[in-house]
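Handing you a structure now.
Each chain carries a letter (A, B, C, D, E and F) given by its place in the written order, and its residues are counted from 1.
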Amino acid sequence: MGVVVQNIKRVARSTVDAFAAGRYGVATVHEALGRKGLLAPDIKPIYKGAYVAGTAVTISAPPCDNWMIHVAVEQCQPGDVLVLAPTSDSDAGYFGDLLATSLIARGVKALIINAGVRDTKDLTDMKFPVWSKCVFSQGTVKETLGRVNVPVVCAGALVYPGDLIIADDDGVVVVAREEAAGVLEKSKQREADEEEKRKRLAAGELGLDIYKMRERLAALGLKYIDQADTD
Amino acid sequence: MGVVVQNIKRVARSTVDAFAAGRYGVATVHEALGRKGLLAPDIKPIYKGAYVAGTAVTISAPPCDNWMIHVAVEQCQPGDVLVLAPTSDSDAGYFGDLLATSLIARGVKALIINAGVRDTKDLTDMKFPVWSKCVFSQGTVKETLGRVNVPVVCAGALVYPGDLIIADDDGVVVVAREEAAGVLEKSKQREADEEEKRKRLAAGELGLDIYKMRERLAALGLKYIDQADTD
Amino acid sequence: MGVVVQNIKRVARSTVDAFAAGRYGVATVHEALGRKGLLAPDIKPIYKGAYVAGTAVTISAPPCDNWMIHVAVEQCQPGDVLVLAPTSDSDAGYFGDLLATSLIARGVKALIINAGVRDTKDLTDMKFPVWSKCVFSQGTVKETLGRVNVPVVCAGALVYPGDLIIADDDGVVVVAREEAAGVLEKSKQREADEEEKRKRLAAGELGLDIYKMRERLAALGLKYIDQADTD
Amino acid sequence: MGVVVQNIKRVARSTVDAFAAGRYGVATVHEALGRKGLLAPDIKPIYKGAYVAGTAVTISAPPCDNWMIHVAVEQCQPGDVLVLAPTSDSDAGYFGDLLATSLIARGVKALIINAGVRDTKDLTDMKFPVWSKCVFSQGTVKETLGRVNVPVVCAGALVYPGDLIIADDDGVVVVAREEAAGVLEKSKQREADEEEKRKRLAAGELGLDIYKMRERLAALGLKYIDQADTD
Amino acid sequence: MGVVVQNIKRVARSTVDAFAAGRYGVATVHEALGRKGLLAPDIKPIYKGAYVAGTAVTISAPPCDNWMIHVAVEQCQPGDVLVLAPTSDSDAGYFGDLLATSLIARGVKALIINAGVRDTKDLTDMKFPVWSKCVFSQGTVKETLGRVNVPVVCAGALVYPGDLIIADDDGVVVVAREEAAGVLEKSKQREADEEEKRKRLAAGELGLDIYKMRERLAALGLKYIDQADTD
Amino acid sequence: MGVVVQNIKRVARSTVDAFAAGRYGVATVHEALGRKGLLAPDIKPIYKGAYVAGTAVTISAPPCDNWMIHVAVEQCQPGDVLVLAPTSDSDAGYFGDLLATSLIARGVKALIINAGVRDTKDLTDMKFPVWSKCVFSQGTVKETLGRVNVPVVCAGALVYPGDLIIADDDGVVVVAREEAAGVLEKSKQREADEEEKRKRLAAGELGLDIYKMRERLAALGLKYIDQADTD
């Protein structure tokens, strides 16, 4: 059952770099993507303020067994993000500062893991961001094979190797490789559109007017009454 | 079913300002109030260090539908706090930086929401505090009417429009409009009392002596034994 | 049923000081201890960056009743860590800034509590670290006796009075009194071993080679295939 | 703070009896009520198949303290349902077979409790139904006063004394006293309407046609494609 | 975004019938499949004792909106199992006895839903089995389009339309269409193998001997000691 | 680290038999024991109506590895109950019908496991009761050694080999070997006392009178008011 898929196709570097340059956030990308691709909200960053755009190297790992991370490191290129999904629910600490040192040496940008992580103070000091289900020091073993660069379901989201991963304080979203370029354009546009609205809202205009909502609200029967009339 | 109650009665501005000036915390106010009014502990601030005292504008919103927030913005006055309770459990991201921009323009101090929030990095940079059930980018729709300024049960606490909301790192407490002035006095007194005790405790006096607990403990049968005698 | 065990045996001060000096983290100590002793991962620090090594003074407390903390304070010595386990699950706020003031006056280093804590902003400002199940302002009473310095199960871990407690951003681990000195040596050694590996990994060597994993992986049947061959 | 409100107004007995006779379920009543009033879904029956319609006698109880149940028993009349909400989250076992014996003697129909219950085998054998948050034998005390027949928030729903409580395998719904008669009529009508639809659906007609959904689906842009065309 | 994929390929009827005839359980099939395909353990049957083998018709539904179920019914054939995954977490009651009546009329065997269900007493009486995340009467709307017969991630498992669904008291497992025939053979074989072992175990033979474990345990260092020697 | 402790001391067979004969329930025994020893309420029976009294054979097992169950079977005697605590949180299905067959052959009465179980339909048909954290078919491995008949913390309760285990619909309680005989006497007495009270309560007497609570309630300040006076 143990397999490592090599020479995976990845989202183009230039596309990834454009996301990183624009710092298009998870909320923006999720919208640009048509409202899909989010990992569950219990996947949280170990520290605040990090932003990552990178290409997925995926791991399907046995529960409480982190051996495949070592195998996956060799498959990583600069700009990758490691994505680990255990085959059975686990909060064990699969990952710590030594593995982070190794990943940094290879140019890996982050780890996304539907399990536990440890040495979080060191990881924070090293500025290696991790989005995980929990923080827990419980040790793992190196006994059973898993699979690297196969499709995985990670925290409810389907991730293929080479997909684009965007992660920030809001969580994590995955963009299929074929959709990444299109989503980049839509994210840019979305940000531009929002900039305009932001100015109007900051000036005190109401969304009710900017988005022309009043008519539709009235048509649906929204009533305005006075509190004094409710007693 | 859609309704907006206007011209609600609010806790007096001077009372709210006095809470804000004194920064009476959630724990203090909860005690002064007779130990009630707390929202459930899973309602947490998106960043640490914020303190808010304000008057509630309430929203009863459909699940995964944030339309009523736009409607509620128009009802807000400077010093208000928006309180949103969905009618069915949801972790969707009802709120982001554009709505925060709009609320700031109207002088609103914070959002309390028993659902999700997104753009948390931006909200933190803007210093617009939010207490929410979770952080999640899942988009919402604008399809179904809800109700603004009706009584809501938010995270287990009953909130009427115009009630006083106090929120800090410890969570959120609601004070009924009629009780706010009295709770202010008790909060002041409580802080004063504690200041005295704090000095004595810092000097090494024991609570056992300050609060004269030894007799009652003995009466109830508390025994002191030596570890050496337990083997 | 109320009892206070006095004159407990504690891990030697010099051993505790050596842990504190080396800042051996929870993950390291858990490994040095043979992978046991961890408290459940829902016990989290109220602020990041604290490190504590200390000797346990234990409290078995009734639900929502914090009276025994006052009793336990008197039993504390400089270098102790208070460990509280309620006899029935509770998220009430057993502890706040006044009790922290009292503990600081006695040289107590931290509180570990499988329940709630409040005044967390003050505790953070005072730099008194707490690891708790939740943050909640719900008040407690002082009605029922409990037990001080008896063995307790706290968040799934068995803690005897006098045991060594290590806590950091990763959580909390308990080391039995008899094992503390041995674990100190193993922790030192582990850190030394890791330092060597850290350098090699930082230089780009792979764990696969450093730990000589390739042979065993092959023996178990790990296959490397090309993505182009999987279509 | 201890108070018992006596001589509460209740939903008319004839109305309650009509609900019981028709066995209008929680789902039906919730719809007839305008989709509100549900207790959270973690409030579950201890055995399957029970149906209850009754009038609420409410208890606001301290955590892990069941004293007020004894006080409330005296306030109960035949046809009542006891509704207990602790003031702080608790899974303790507030209730067992002796209290059930006492309630049965007074004609009380059921207990709804946002906490734990025990002796569930006996309660099942006695056919005294309980909807609770959990089953747990943890004992409670009788130390602190609470309040009987005051408004309570129970598992997220606001319950006034005398309100109508409907409970079945689906959970629990509360109907305000003033709305009960109207909800009865709507429930009857709803059941009648559904009977008609049930027959048509059983005969193979589609909801798409019965409810005339096809046009609106098409207008919103629903597309039908062939799987063979998606490859 | 609304789409319905028609004329999907399904696992062969004869294969499905063979699973149903043999009543190969979820545990057996999960093993025969190579230990994958399980839905999360919080997906539970509303009553005990049901067994289902059928072909998936999938629904990707908006949160709290059950419109697409009506659309999907038309796509169902005898022997199908409906599988619904909401696009945002929801515990609303998407499904009740009327929809079940309609599905039964079309020969549908069951519903698997990562959300809530209601009318569970009726569904039980009708013997229409449902595996759901929760039981909750919260109503849904019919406002937003979704997708029918697209791949969905349901409770952590990837389900394609036409896949084989096996469900029993242990939960739910999905088998990819291409693997179903092979898994049938392996399930048969597995049952046969187990029958042999069951007899030997029932006769008192030990697994240690039947599976020849003693040597490997000894090689790994398992030690047998006497309790009397541990004091 | 792998060890099996043999020839453990057990609670006397006659004591265990007396518990089984009297069917003293978990609630009764927990009270007779001084309100301790309960396993957490998420440990639930796979079917209702079972009652077990037996002596603990304990297993400390690696996560997702059920090898040690086979080792433990050999250590079991008629009347034993297997108690398994994984060293890291796991919901994997450690146990199914083959292992149950083997345990039944040795006279083992039940399994208590802080993890998952599968084949629950078969186990129910075989009448082999299991109390577990969840039902899940996820397979386990046989790779790593664990420990048999060592003290374990199982779902928050400390269990020594040979301790008395009582389990029923309410959950599980553990009684230390030395306390079992005393707890038997107290359980008998408690049941006798309750029988008397049950008759009086069934006859309509109030607990307020039977337990003479009225005076103490009044002394604490309980007030009775009329609802008409609260408006």
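Following the convention adopted for this analysis, a residue touches a chain if its C-beta (ideal position, glycine included) is under 8 Å from a C-beta of that chain, and two chains touch if they have at least 3 such contacts.
Everything quoted here is computed from the prediction, not taken from an experiment.
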Neighbouring chains common to chain C and chain F, by label: A, D
Chain D-chain F separation of Cα centroids, rounded to whole Å: 30
Length of the line joining the C-alpha centres of chain A and chain C, rounded to whole Å: 30
Distance from the mean Cα position of chain F to that of chain B, given in whole angstrom: 40
Residue numbers of chain D (touch at least two other chains): 1, 35, 87, 89, 91, 138
Touching pairs - complete list by chain label: A-B, A-C, A-E, A-F, B-C, B-D, B-E, C-D, C-F, D-E, D-F, E-F
Complex interface listing, chain E residues touching chain D: 1-9, 47, 67, 70-71, 73-74, 91, 93, 96-99, 101-102, 104-106, 116, 118-122, 124, 134-139, 142, 145, 149, 161
Touching residues on chain A, where the partner in the complex is chain E: 1, 34-36, 40, 87, 89, 151, 153, 156-158
Residue ranges of chain D in contact with chain E within the complex: 25-27, 30-31, 35, 38, 41, 44, 48-49, 51, 168-171, 173, 194, 197-198, 201-204, 206-208, 211, 213, 217, 220-228, 230
Residue ranges of chain A in contact with chain F within the complex: 62-64, 87-92, 138, 141, 143-144
